[in-house]
Every structure is written in structure tokens, then in C-alpha cells.
Amino acid sequence: MNREKKQAELITEISGVNPLKCMKCGKCSASCPSFEEMDIKPHQFVSYVANENIEALVNSKSLWKCLSCFACVERCPRDVKPGKLIDAARQLVIRQRGQEYLSPDEIPALLDPELPQQLLVSAFRRYRR
Amino acid sequence: MPMKDEFKPKIVAFCCNWCSYAGADLAGSSRLTYPADVKIIRVPCSCRVNPMFILRAFEKGADGVILCGCHPGDCHYSTGNYYARRRMTLLFSMLDYLGVENGRTRVEWVSAAEGVKFSQTMNEFVEKIHSLGKNVRLEDLRCRKE
Amino acid sequence: MKYSYYPGCTLRTKAKALDVYARESARLLGFELEEIENWQCCGGVYPLGNDEIATKLSSVRALNEAKEKGQELVTLCSACHHVIKRVNDDMRNVEDIRQRANNYMQLSEPYAGETNVLHYLEVLRDRVGFEAIKEKVVNPLKGKKIGAYYGCLLLRPGRIMAFDNPENPTIMEEFIRAIGAEPVIYPYRNECCGGYISLKEKELACSMCEKIMDSAAGFGADLLITACPLCLYNLNAGGNGRLPVVYFTELLAEALGVKKEAGNQ
Amino acid sequence: MQRIGVFVCHCGSNIAATVDVKKVVEMAALEPGVVHAEDYQYMCSEAGQSLIAKAIQEKQLTGLVVCSCSPRMHETTFRKAAERAGLNPYMVEIANIREHCSWIHKDMEEATRKAVILARAAIAKVNLNTPLQPGESRVTKRALVIGGGIAGIQTALDIADAGYEVDIVEKTPSIGGRMSQLDKTFPTLDCSACILTPKMVEAAAHERIRIYTYSEVEKVSGFVGDFTVDIRKKARSVDMDKCTGCGVCQEKCPSKKTPSEFNRGLNNRSAIYTPFAQAIPNVPVIDREHCIKFQTGKCGVCAKVCQAGAIDYEQKDEIVTEKYGAIVVATGFDTIKLDQYDEYAYSQSKDVITSLELERIMNAAGPTKGHLERLSDGKPPKEMVFIQCVGSRCADERGKSYCSKICCMYTAKHAMLIRDKYPDVNVTVFYIDVRTPGKNFDEFYRRAVEQYGVNYIKGQVGKVIPQPDGKLLVQGVDLLDNRRIMKEADMVVLATAIEPNPDVRKIATMLTASIDTNNFLTEAHAKLRPVESPTAGIFLSGVCQGPKDIPETVAQAGAAAVKAIGLLAKEKLTTNPCTAKSDELLCNGCSVCANVCPYGAITYEERQVNDHGIREVRRLAVVNSALCQGCGACTVACPSGAMDLQGFSNRQIIAEVDAICR
């Protein structure tokens, strides 16, 4: 089995998403607040996984633009949950390539006196292991 | 479904012709699996099931008996399932008294549209029978093969 | 009435206001928030991966402690509420997660989602009742036009959070009415503020917060309320300052006349 | 001893792929009574049936077991085949080794073992079967149609034209149904009222059609050919014979704040009202809940202004009991509630409307007199957005799993009509797929695009965002060029999913007709008997069976009529012979069986019996086989074991139990 196929299976497994349920209506993309920032759009996540086009997906900046706001999950008429899929792809990157998106060294420069702990905790959870 | 042990329970399911038998058919045409241990007997209505049939099943070595009928209010014969419900309530409590645990007997309402429910119910029921193991009460040991 | 209470990291530090006003108001409304011992940070975001177990354990600990005390678990921060509620749902309904989490935890009795998780707002609505609150209000905030900012975490996914209609919620509007002010309904009240993305993508978060502020101001709000420290931070830092943003508990304390007492703490 | 033949069907690979049919044949041949066993590719085929006939004759078979698909599918087929070959049809039993075996099990060995056991049970039963003779029952030559929309009207007209009496029962004050609410119809764009009203008039004037409006079916008893139905005629508070339909009462009625059902709540009506101008009958009803006279006792304006003296505040509901041979259900549909779809801002903005509401707005008799205008401020829109599939094709519990079928076409119709009448209004349609199977349907949709310049964008809308200035910002996406669309609109129209009329569940229960998870009535066979319910004597017309447009509804209405006529044309029906029978030597006349019989089929007679030489007169239970439906309730209730059910006797069922547990 080739590497991408394995990774695609891993993503479906981690996310629990069944890409076959998608009817390609685009409501996820139409709901996404980060749509403009993404190079691969939410409705495409599903077909990237289904077509085992994983290299492109894991190198996509979309991984780091998803807000986990669950608008796509809430509104998806087919119960596909694209948000879970993108998170699984992000997990895959973090687990395999390490924690390159956010490094602790960057933090001091990003801090300001009002910044709540919650923000740091959440960002670390999402960007690192 | 992988079985946990070698135990192959004998399960008799009485299904009314109008709802539950059709529900079982729908489970079939939707390819919703349940263990082959379940064998269905078609009756016109759940109220056709004489308590005697259930006692007979246990006597002959059944490990569980389930009766399926139309939902309350949906009986093809208006009120048959209400009779069945009352009769089975009595019978099951008597069976429990005799040592045939309540888990081995069950009444479930399954409509013609509930293929999913039919298969789920059967899966659950078989699982329950597995957890209870072989039934030893009421069985006429003269009938046993080995 | 006593509830187990999970404050969360930010309410102990940057968002003390959210916490003290809530406790002081609770006292007046006749219920008590009993902080659970040795709570640990929930992690801020719910781990979406089906194979994530360790990251869910802190929530399970809190939930189990409430279970042992036989109390409902109340949260205040939207993020904590979201994480704990969803972990609880997993413990209730996902056998694999329940089993593996319990294997880690080695509790005297396995935890299977028995605890009921409530947001403070739900306590106000479902346990105290907004009518009862109305009667206890001494300083009704008359004439104030307030926009409720829900954000995402309280509402979505609607099926699991079961908090309110995720696309047209009413709980905070009812709350605003109960404290004597006038709610302003605006369409961006359930749009994301940017969340944790504001750490590295300030501009993206800013553009989202601006939209929210503009929409609320456009519909005539002169103040926004929220239940989430991160939303508050993002809206203040990135929301072009058109509207002030405060915690809903602050207004509750003000309306109930206990703001000063809380302020002294 | 019976001479039994066992026939095992492969059903192509449906059975043979999972069940070793040869093994089943081999094992069945060992069972007591079996003298013949064979398998064949398709037992239900002509060739398969002749195999059976041949075996019956050559081997002098007295009983048959067919191991095949569900008896609900082909029991009748095989029984008829047996009858043609000279065997009593009730000597045939089916072992269901497809739906209950091959389709649900994967392991061949396990499935085969089960198939053998099922065959064994059927053989054990047939060993105890006895030939049964069906009886006869009469047919009441009158049909009942429930629902007075286009489906019900068409069915009634067709049945009446064939020479039979028909009654239509309609819940609302007028017949006409959903079609009367429509403005124009696709794909020809003719006016709905212009084609419907003549049909309504024809039905009302037909000498063999009686119309009960403002009435509901309350109780149904009996069976095919002989139903007894109670119809509740709700008090109209207006004398149908005296009223002239002048309309003065409606004009003068001071209570005018009730949302008009006919106009989908977009405007108000008076408490005394006819739903619309062409209503049939043209006799108003008083909505007592909103009538000042009924609520406070003070008013009575309508009675004062009525020249004909038709107002009758004392009128009471009336129950009419009628007999029918056939019943047609034509209860139609409604649009779903949109409270689960607030991302489209339906409850937040008056300018977000459903398509059915748009029909009323476009209609000259509607709330805006046919002017296209925003309901919030009465201004004409410049930008209109249509959103498709709202609540249709959903896998979650918010919406419906099915395609509502009519939306693509009526949206193209709306778009075209708007572009035609208001060329300066831009129309955008957000779609997932455009589905236009139907004669001249795709051409129609293409005309909307090519001739009328309607802008179709592929991609479902995510959110409708009301703006402070009253405009609606539609947030969508163009999936074909991966672009975010933020479209400012003045009005948004939602192609709302349709669902069966909620009353249908109650009606189906009364009729013991089956219904699916979406509340559509189930047909007897999805392909081959699409207008009949599995319950004999009940027929389906229109959307109550599944989403369909007007031409399809009319076609199905005609088909349902033909089926009903086919039933009414019969002088007598053969009845199910699987009825209860009492053993007079065991019966002690205790009356328990009569008490549980839902059909009143059991009576008592004093009759002379010969009990092993003792001749005496005893009180005995007697079953009227024309009334008995064969449920078996009495057989279990009988304390002495005298009552048994033919075809499902105690001995037969016990034999099955034994065979399964062996």
C-alpha cells in the first residue's frame, strides 16, 4: 500500500468522517469564516482525502487557518463534518513532522498584557502535540 | 459479528405479518445484518402467539424467545398487540419466577419501516442471550441431542 | 442549591471579573458554586481526533468529581463548557473512548457520563428562571441596548451542546431582558471571533471581529456581552473599538446590586 | 402422510451466492414427507413455475415448500401456480431464505445451516396443512376519497365517470388543495386556477360525487369491499342550503385579525370566511376560535347582515356513517417548518420567504395583489436570490432524506416569471444539482438560463445575513470556480422541502395502512403496485405516497381510480380462508373469544352435538368467516383450546417451533 493511501486511511480513522456521505453541496465552504484564507477550500477536503491526494492537503495552509468554529459541522446537511477532517490532517502533520507551526520561542513576542491564558492553551493544543 | 465463544444460541422470533415481518424483510433488503441464530416464525398478529408456543420453545431447548408486533395503535387488527402485551407481561413474570431470566424473553414493537430497528433489536437480543449463556430451565432433557 | 463549579485557567487570572461577579450573583440568587478540588486546565479546545484520549482526561476528572459529590457541574467560560460537555458526551456515547479513558483513570467506579454539565446561563434559565431573576433586579439596566455575542463554542455542534438553537439562539437575549435592558439581535452573533487564531494571524481575527462589531453597531447595539474570555480579548483587541465588550456576569451583578461587593473581592 | 415437494430458488445470485442451495435440497430431501426436492435459478419465472407444476403432477404432491424470497413478495405467485396444477393453494408454504437469510448473513456455512432450518420449519408446517376454501363477501359499490386536492378531485371524477358513487372528504372549508394556492404551473406556465377551477366545478356538479368539506374521517372499520366510515362534519355555523355565497358576512365581520391559511399567514382573514374566491362550496364557515360571538357572546354581526338567514350559531358537529367498498387516500403535503434552518434567517426577516409564499405573492388574488414586493417595506425588489434544497436531501434530523422533486422546476418557473414581468430584477439561483427529468422539463430550465438570463450558481448557501439597511447578504460559494459569493439581495426565496400532510399518520392508523419513516404511505409493491396500499381496498393518490408534480399526481390519481373501479366492479370478493374455527366438542360456550374479537365475528348458537355418543344441545361459539380477519386473538384467549386458526393452527406453529429448536 502506498504512503498516501495509508495516510488517507489514517485521516478517515482519526476523524471518523465517512467521505462517501458528502454530496458536494458546498455548504461548508459557504459557511466557513476563513474561506478566503484557505488554498484548499473546506468542500475540497473531502475529495482530497477520498482521492488520496494527501501530500497537497498536508502542505496546505488551510490546515492552520481553520478556526474549529464548527459552522461547517453544524450546517452540513449530510453529517460529514469537514472540520473534523481538517483537524485530523493537522494531527497527522503534527504527529509525523513535529511541531513546526508554533514554537515556544515565538511566544514572548506575541504576548500582550491582556492576552488570556486560554488563547495560549488553545493555540498550543491545536498547533502542537 | 465475531462471536465471543462457541455457544450458538437458539433464538425464536415470532413476527406479526403486517409490521415486524415486513420490518425483518426491510432489514434484509437493506442488508442490515444480525446473527443467524435468530429464526423467524411468521404469525398473522402478535396476539396469535399462544404462551404455550413460548413454553414449548424453551422446552425444546431455545435460549431466547422474542415477540415482535406492530407499534401500539398501529395493529393491523386494531388491538391485537395490546392483548399480546398483556399476555406476555404475565407470562414473562411467571417464566422469571421459574428461573427463565427476563433477559431471555422480550417483546418489541417494530414497524414495517423499521428495518434498522429490527436488526438492532436482534443484535442486542442475541448479545443479551450470549451474556446469559445457555438456558437450562424448562428444557426437556429427553429432547437433547448429545 | 449547590453545584460543582469548574472555573478554568483564565477565570483565575485574566478573567477574574467573569468569575467573581458570577459567584456574587449566585449567592444573591440562592445557589452556590462549589469549586471542585484540584481541577486541571481543560486544554481550551476539544480534541477532535477519535484517538485522542489523554487530552480528554482532565475533563473526565472534573466530571467524575462532580459525580462523586452527586452534583451538577457548572462552567462559565465558553471554551471550558464546550470541552467538558463534549468529553462528557463521548464518555456517555462512545464506547471506545469511555473504555480507554477509564483504563487511564483507574477510578473506583468507571465514569460513563453520569454528570450533567450546565453552563451558568443554563442555571439562570433552567434552574433559577429568568422571571425569578427579574424580581431580584434592583438596578434594571433601562435603556441599554445590548448585543449578545454567543460565538461558536456555546452553540455548536448543536446536537451535542444542546444549549440553544445554534442558528437563532435566545438565551442571552432573555437574559438581557431579565436585567431590564433591551436585546439587539444581529446576524453575526454566532459567527466566530477568530478564536485561537489571533495568536499568529492577528489580521484574520481582526477582520472577523470588525464584521461582528459593525453588524452589532449597525443594528443599534451600544454594548456587547460575552461569556468567553477569548472572545472578549479578540473583540477588544481586534474589533476596531466601536463597542465596549463586557462579561455578562458583570451586568448581572450590576443589575442585582452586588457589583460593589464583588469588586471588593 | 403428505407428499411434499421442496423447491429451492437461487434468485440469480441473491440467494445462491451466500446459501449453498444444493445442500439445502439435499437436507430437505431427508425430512419426513418430502418426496421431491430440487433447485432452480428463478423459481418465480415461467420456467420455474412449470417445474413446480410438473412435479405436482408427476409426483402427486400434496404439499409444497418454496425456499425463496419473502412470502410477502411471491407467496401469491406460487399459490396460483399450485392451483393451476390442481393443488389447493393453501398447501403451499414459503421458507424465506433471502430477506431473512442470504441477504443478512455473510458466512456461507452459517447461512446454509440457517436456510436448512427455515426449510425444515416450513416442511414441518406443510405436513400439518389442510386444504382451505376461500369464502365470499359482498362489495359496496361506493368509494371514499380522503382529501380534496387535485389528486382527490381527479380520482373522484374518474371513479364517478365510470359509473360509481364517490364521496370526497376534505378537512378545509373548500376543495382545491395546494394547487389552488399556486399561481402558474410548469412547464407550460398556464394559470393554476384556470385549469383547476373547472375540475372543481365538475366534481361539485357531478351527480355521483358528494363532497363533504370542513369534514374529517373519524373512524374506519370493516375491510376491503365493506368499510364502514364515520365522517365528522364540523359545524360550519352556516346553513349550506340557505347561504347564497354573497360574501356580505365576510365583509362586515369585525374580527379580521386571523392569519389566512390560504395565503400562508401573509395576510389576515375574517373569522367568517371562505378560503378563496373560487371556493367550492362557496359557503363560508365560522372559525369559532376567532369569532367574537363565540368567544364573548357579543357580536352577531354576520347573522344581522345575512339576508338569507343562513347563519346558525347553534349548529353542532354531525357524524355521518357511510359504507364504502374502496378508500382512496389523497391527503397531499405541506412544506416543512423552517425553525431548524435559521441560518437562512427565515424567522428573522420578513423578506426571506418560502416558495409557496412566493406563489401567493405572485398571485393576483394574493396578499400583494400580484405585485412582487418585499413584505417588510412594500418596496419592489431589485435582486432576488433563490436557495434550493432547503431541508431536502439531508442526512441529519433537521431535514428530510429525500429529494422533494418539484423544487428545481418551480424555481425555474419563478425565476422566469419574475424576469418576464420585471426585467430589471436580477435573479440568482443557488443550486446543488438541477434535476429536471420530465417531458419538456430540461428545456424549460434551459430557457430560464438562456432566454431569461437567470444566474445559476452551483453551491449551497451557508448563511443569509440581514443587514441594518434591510438588505439581505447571501453568503455562498461558487463551487465551479472556488470563489466566495457575497450577494446582496432584497428578497430570498427558500425552496422548502415538502412533507406529507401531518394528519396522514392518524388516517393511516385508522385504515391500518402502512407508512414509512418519512410518513409517506407505503405502496404494496414499489414498482409493480405503486398506487395500492398493502392493506386491501386502500389506494394511494398523489403526494401522500411520495413527492410528485401535478402531471404525475393526476396520472397517479387516475391509476388509483382504475384500481378502485376494478374492485367496485366485482360482485363478490373471495375472502381469506385463514379464519378461526371452533371445535364444537371442546367449546364450552364461555364467551371469552367473542369478547376479544375486534370484528364481532363470533356469535353463539344453541346446537345439537354428538359428543362420543352423547347427544345434547350445547351453547357453542360460531365464527362468521366473512367477518373474521384471522388475527388469532380468540385462539389464545380460548380457555378450553377449542378455537384454532386455520392456516396458522396451534399444531402448525408448534411444529415450526420444534423444527427450529431441533
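Going in written order, the chains are labelled A, B, C and D, and every chain counts its residues from 1.
As a convention for this text, a residue touches a chain if its C-beta (ideal position, glycine included) is under 8 Å from a C-beta of that chain, and two chains touch if they have at least 3 such contacts.
This is a predicted model, so every value here is computed, not measured.
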Next on the checklist: Please give the groups of chains connected via touching, computed with subunit D left out.
Outcome noted: A, C | B
Checklist entry - Does A-C or A-D have the larger number of C-beta pairs in contact? => result A-C
Checklist entry - Using CA atom averages as chain centres, what separation in Å is found between subunit A and subunit C? => result 25
Item to check | Rounded Å distance, subunit C centre to subunit D centre (Cα mean) | outcome: 47
Checklist entry - For subunit A and subunit D, what's the span in angstrom between their mean Cα positions? => result 46
Item to check | Contacts with two or more other chains, residues of subunit A listed in rising order | outcome: 71
Checklist entry - By residue number and range, which residues of subunit C touch two or more other chains? => result 167
Checklist entry - Classify the inter-chain contact topology: is it line, ring, star, complete, or other? => result other
Next on the checklist: Under the stated touch criterion, can you name all the chain pairs that qualify?
Outcome noted: A-C, A-D, B-D, C-D
Checklist entry - Considering the complex alone, what residue numbers of subunit B touch subunit D? => result 10, 12, 17-19, 21-22, 24-25, 27-29, 31-34, 36, 39-45, 47-53, 56-57, 60-62, 73-80, 83, 87, 111-114, 119
Checklist outcome for this item: Touching subunit C in the complex, subunit A uses residues 13-16, 33-34, 37, 64-65, 67-71, 73-74, 83-84, 87-88, 91, 101-102, 110, 112, 114-123, 125-127
Checklist entry - Mind pulling up the subunit D residues that touch subunit C in the complex? => result 339, 341-343, 345, 347-348, 396-397, 463-468
Next on the checklist: Taking the touch rule as given, give the residues of subunit D at its contact with subunit A in the complex, in rising order.
Outcome noted: 343, 389, 393-396, 398-399, 432, 458-463, 475-477, 479, 482, 484-485
Checklist entry - So in the complex, which bits of subunit D are touching subunit B? => result 70-72, 96, 98-101, 103-107, 110-111, 113-114, 117-118, 121, 509, 512, 514-517, 522, 534-535, 578, 596, 598, 629-633, 635-637, 645, 648, 650, 653-654, 656-658, 660-662
